[in-house]
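Both complexes shown next keep chain A, but they swap its partner, so chain B is in the first and chain C is in the second.
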Partner chain A sequence: MAKVFVIAEHRAGRLKTSTFELVGAAAGAGNETHVVLLGDGIGELAKELGPYGAKTVHLIQDPALKLYSAEAYSKALSALLKPAGPDIILASHTPTGRDFMPRLAARLGVGLASDCTQIGFNGTELKLRRPVYAGKATAEVEFMGPGPRMATIRPNTVGVPAPDPAKTAEIVNAAANLGTLKSKVLEVVKSSSSRPDVTEVPIVISGGRGLKSAENFKKLEDLADVLGAAVGASRAAVDAGFRPHRDQVGQTGKIVSPTLYIACGISGAIQHLAGMRTSKVIVAINTDAEAPIFQVADYGVVGDLFQVIPNLQEELKKIKEP
Partner chain B sequence: MNIFVSIKQIPDTETKIKLNPNNSWIDTTGIKWVLSPFDEIAVEEAIRLKEKNPGSTVTVLSAGPARITEAIRTALAMGADTGIQIELPETADNNLVAKALAATIRREPKFDIVFTGKEAADDGAGQVSQLLAEYLDIPSITVVVSADYSPTSVKCKREIEGGSFEMVEASLPAVIAGQKGMNEPRYASLPNIMKAKKKEIKTLKMADLGISEADQKIRHKNFQLPLPKQAGKRITGDPADQAKELVRLLHQEAKVV
Partner chain C sequence: MTWQTFLFIPIAMAAFGYSGYRFYILFKLMLSHRARSGRTDQLGSRFKTSIINVLGQKAVLRKKTPGIMHTTLLWAFLLITVGTVEQFATTIYPPANFEFIGREPYWFLMLVQDIATLGVLVAVAYFSYRRFIVRPEGLGRSLDGTLVLTFTGTLKIALFLMNGFLLLGQHPWYASAMPVSELVAAGLSVLHFSPEINASLATLFKWVHMLIVLVFACYIPHSKHRHILFSVANTFFKSLSHSKSMTPINFEDESVQQYGAAKINDLSWKDALDYYSCTECGRCQDMCPAYNTQKPLTPKMLIVDLRENLYRNRNQLMNGKLEEVSPVIDENITDDVIWSCTSCRACEIACPVFVEHTNKIYDIRRNLVMMESRFPGEVQTVFKNLETNGSPWAFSPEDRLKWTEGLSIKTMSEDPKIDILFWVGCAGAFDDRNRKVIRAFASLLKKAEIRFAILGSEERCTGDAARRIGNEYLFQTLAKANIETLNRYQVKKIVTACPHCFNTLKNEYKDFGGNYEVIHHSEFIAQLIQEGKIKPTKALDASVTFHDSCYLGRWNNIYDEPRSVLEALPSARMVEMSQNRAESMCCGAGGGRMWMEEKLGKRINVTRTEQALGTNAEIIASSCPFCITMIKDGLTTKEMSDKVRVMDLAELVDQSTP
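Showing the complex of A and B:
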């Protein structure tokens, strides 16, 4: 059994699902599970963690923690964790977790394994595997020297357990000890796009060079609307100016793992496959029967996407709106 | 301004990865090595900042085996002034690299800003910029898509989840980790490629920097390749039939719509 500290993450007054995942994984493996919750006016959120298995919630509240910042988080956390003597420290591999955890690791003088997609507990040690070369391979991580062991875990790696409302955690207030800060998050600016992000929904429809123009992506958007899907793009489509970089799927874009990935007019360059090959079901629509995308596709449609997609939209409407 | 850029040389993103015989690392034979795409953005940003602040210098830093000279030359050809190559083993972890970079920068008379890519496109960990900032005791801002510089501070737009952004302000010196969209990296012109061959690249060893392999904190082992996928189903017929059959399969067989 290990003394595990999970660093909680929240946005807009809600805890992230990935935090519940880590608490559940640590507690489920029989560890003494602590959660650190940082912010300002977020005391109510602390009560949500007991049902997932947290024994103790350490609540650090300070006006300077109202908006997340790497500097404030790593300072407050190292002040709490150095005397607490954890065996293991976990956070989610999200834009927040991946930002502050290296700074915390440096402050504690230990190693950090980033973006792990397999996690196991073995006494006070962690057994971890992580993708390298954007998932073209994976490797086990071995820590050198004394602990604590630190890792960021990719969301959706272990799944969220069912909460037990009868369980409660002890809530302990801790001081922030921030001192003078050299950086500050001034504000959070919400996305100007009304479309969902490719990393955040179970269905992604991506277009490549085969779409031929930015205007033609409207066809994919219409199809996406039927399924509540996000619209992604290959690097070729982004480089051609058809879509913004935020939509790019691949080694230098976003790594996605949706339930269903529909690749339209994408040939399947290695760097693209690296970004989507772990999707549960892959559909490829392409005129070139020899395109490499078909090697990873569960369902391959050799054909003209401009003819297939309108038909697909009609057929999907039939099952969505019977 | 004294501007620093930390870069990494990585396998070209089109590389098909193979493993060495005992699966302890990848098989590096025949790999085409390139400057990591996010680091091109860092180099470009450094050069633009220099161009706006006459009299500035851009120093490129990279830690790794002998082959990385080539990536440093690429950055010099883009417009950086000098290079520093730190000899580290191929398998050095993020911590050892960050310690080496921090010790190198501390040897310099003055540093105002350090640019990196948001992550190396091979290791994908995204740790070095924050570790480096912590070792230099300065702020770090990661995944930056735009930045406004003043003589003493920087204001950045940092990409977070769901297409949203954080506006972050930090005092200088600071480490800025660039994301795609921050700028469009330039191509080196032929005359600049020729000029870059004459620019100085200093070489440093771990012993020069007071660091050792004990600064390595993690190690990768037991590499595995993903299992090859089973051949999928081909759906034939005219477009209407194909669409109908695909939806049937997704609905009834795969149960994903």
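Showing the complex of A and C:
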């Protein structure tokens, strides 16, 4: 049995599902599971962790932690964790986890296994699996030398256990011990889009120059709403000013690998293929039967997307709302 | 000995002493540079090149009118300098005139000087007109340029006034050798001065001339006019070959602490000589595709700003306080400046004094990439793919054979008994558009009954992009892997349809033990047509313009072969873009730019496509997969894809050959 510390992650007053995953995995393997929750005015969240198996929640509250900052997080965490003597420290492999965990590892002077997709507990040791070569192979990782062992775990890989409302965790308030901070987060500017990012969801619908205008992307957005998908774009569409660069899928944009990728009015230049061809299922809609996109597509529709998409949307609605 | 002797000697000594000291500082600063530059080989060729380009002004004359005027100025000044030396000598010791060369030669010397003086004034008038009235964009306006013109002009006016009063005052025996001065004298005679006053005024203007010469001598080391000395040296030390390879880094050398240039003195003495030689004429800027599409890079200002950086760090460098030298990336030379370069070398080819702009950019990129990990984010993907897949795109090496489906093309592992290896390249192997080019070229090879094979899954990216972006380590990894494969099959001869692969294989693998005869497919097709092995017979019946690839043209001086291929196509009507051959504009993909987003200014590929569309050609012919990709995108942007096609030479010849 190991003493495991999970670093919780929360946004907009809610704990992230990936945190429950890690707590569940650690507690499920019979470990003494601690959770560290950092922020300001987030005491209520601590109560949610007990049902997933947390034994103790260490609550660090400080105005300087209200907005996430890598420096404040790593300082507060190392101050807490050094005397606590954990065997294992876990965080989610999210943009936040990827940011502060390497700093924390450096402060503690130990190694870090990042982006792990499988986690095994063996006494006080960790056995991890992480994908290498763009997922073509898997490496099994163990640690050498003195601990603690640190790892970041990719979200949605270990699963969330059913919570047991009868279980509660002991909540301990801990001091922040931030000392003098060299940086301060003034504000977080949210991107104007309320839509999910193309790299974050299992379904992506992308449009190319074939959409002809920025307004026509509304049609893709409507379809995306039905499917809970993100809307992407080819470089040509971005260059034409139809979409912002952050939506660009391709070699020089975002590289995505969703479960379902729907390419609408995209010819499939290599620049685009390089960003999406590892998607599990690819559907292409294009008027040109010779377009290279059909070579990588699992399903192809040769036709006018302005007819195909509304039809598709109708059919999907019928399935969803019988 | 006269009062003039005693007045002149101390003034001249002070002036030349100061000027000499300033030049000494410039020289010391040059020698404070860290990197080496082996430019002391082939002395014979270097002398020859120097004579052709300094005295012959070959490169300067590429621009016609300014070139002729500059040549006039140079030769006139050289001739007048003889007179100035005589003037200095006779001031110190009056009998020391040059009449000892004989009466006729001296008379002739005076004649050429008199005409040369007028020549300088004509040139000064032209350059003033150009600088202040025409105002070419690349030239810009600077106080320095104005001062140099003022000095040059007043020097000659003083000479004419001196000669004019001299002719009126004492009328020397060689007066008939000074027709222009005679005219001046005729004009001055209306003043009706006494002979004594005329003689005194002649002496006065002699002093005016001498003092301006001395002030000018002091000013030159501070001015771009220092090029009169440094550009001679720069021409002597220029790169002798048209083709160019980048300097390898020896990664085995464990004493090396730093790669690339972080500070100005990390560059080489030749780089400093480049800044000293630059006359800020702006020919480089006029040709730069980045500048012409509103990117922050201008090759001229890059050189000027590097020079400013060098001067700013003068005390630190002179006193050996190297740790206090400020970084080479500063408020002028920003990251965007460094990443805007497409490595097209239009600047270098345009430069009349052989400044090598791109070397500096590569050295700075090497430092940013290998020491600082500082580069456009999207490049990370390329590096990762090159490391794991051996291709800038994340395709499996096995997919390199996909284009051969149905063509029965052999790989080296299947049949190494061949005439020539066909190097396919990543674009040819993976990109659907360029696969068509490769298939067309393979078809031509078969029609010509050439025995060839490909490496197939054993081929890797040559590393061109990695090298140009600054990741020399990654480049060498790829190069060594490829050389190992090529040498294992004892490959002697390679043909490739990609100018980037071509340049790397031909010019850069030599440094790592890869010596092959490398031919670009445009040369190969031209040769096959010439030998009658391919006979294009089917009429093309279309107008064609040829877009020169930088790595074929400027990097390897191949301009005629692709054009001869197009001319061999029946009823192909060739039209040239105004920027063609050595002046061709880059498509925007070189120097690793293919793999970066173009967020600043107008897109280069669209600009070049507009130039091509301006010819009203129905076909834009190219011989480079990157150019094809960029121009194809340009045509899409201009919504001209259904009217104008971009095609490779191989495709055009193949469809015309039964």
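Going forward, the second predicted complex is superposed on the first by the 208 of 322 C-alpha atoms of A that agree within 3 Å, B and C clash if a C-alpha of one lies under 4 Å from a C-alpha of the other, contacts with A are read in each partner's own complex, and residues count from 1 in each chain.
The rule is simple: a residue touches a chain if its C-beta (ideal position, glycine included) is under 8 Å from a C-beta of that chain, and two chains touch if they have at least 3 such contacts.
The structure presented is a predicted model; accordingly, all values stated were derived computationally and were not measured.
Student: Does chain B (first) or chain C (second) touch A:295, or do both, or does neither?
Tutor: A:295 sits against chain B and chain C alike.
Student: Should A:268 be classified as contacting the first partner (chain B), the second (chain C), both, or neither?
Tutor: In the superposed model, A:268 contacts chain C only, not chain B.
Student: Return the chain, chain B or chain C, that is in touch with more residues of chain A.
Tutor: Higher number of touched chain A residues: B.
Student: Is A:239 in contact with chain B, with chain C, with both, or with neither (first, second, both, neither)?
Tutor: Touch partner of A:239: chain C, not chain B.
Student: Tell me which partner A:200 touches in the superposition: chain B (first), chain C (second), both or neither.
Tutor: first
Student: Classify the contacts of A:220 with the two partner chains as first (chain B alone), second (chain C alone), both, or neither.
Tutor: Touch status of A:220: no partner.
Student: Touching A:209 in the superposition: chain B (first), chain C (second), both, neither?
Tutor: The second partner, chain C, only.
Student: Return first, second, both or neither, reflecting whether A:133 touches chain B, chain C, both chains, or no partner chain.
Tutor: both
Student: Residue overlap on chain A between the chain B contact set and the chain C contact set?
Tutor: 133-134, 245, 251-253, 269-271, 274, 278, 295
Student: Taking the complex as given, what residues does chain B use to touch chain A?
Tutor: It comes out as residues 11, 13-17, 19, 26, 37-38, 93-95, 98, 121-131, 133-135, 138-143, 155, 157-171, 174, 180-181, 214, 216-226, 229, 232-236, 239-240, 242-244, 246-247, 249-251, 254, 256-257.
Student: For chain A, which residues are in contact with chain B within the complex?
Tutor: 11, 67-71, 74, 94-96, 98-100, 102-103, 105-107, 110-115, 129, 131-145, 182-193, 196-197, 199-200, 202-203, 227, 244-246, 248, 250-253, 259-260, 269-271, 274, 277-278, 280-283, 294-304, 307-308, 311-312, 314-316, 318-320
Student: For a test of understanding, state which residues of chain C touch chain A in their complex under the given definition.
Tutor: 378, 381-382, 388, 392-394, 427, 430-433, 595-597, 599, 603, 629, 633, 636-637
Student: Touching chain C in the complex: which residues of chain A?
Tutor: Touching chain C: residues 133-134, 209, 236, 239-240, 245, 251-253, 255, 268-271, 273-274, 278, 292, 295 of chain A.
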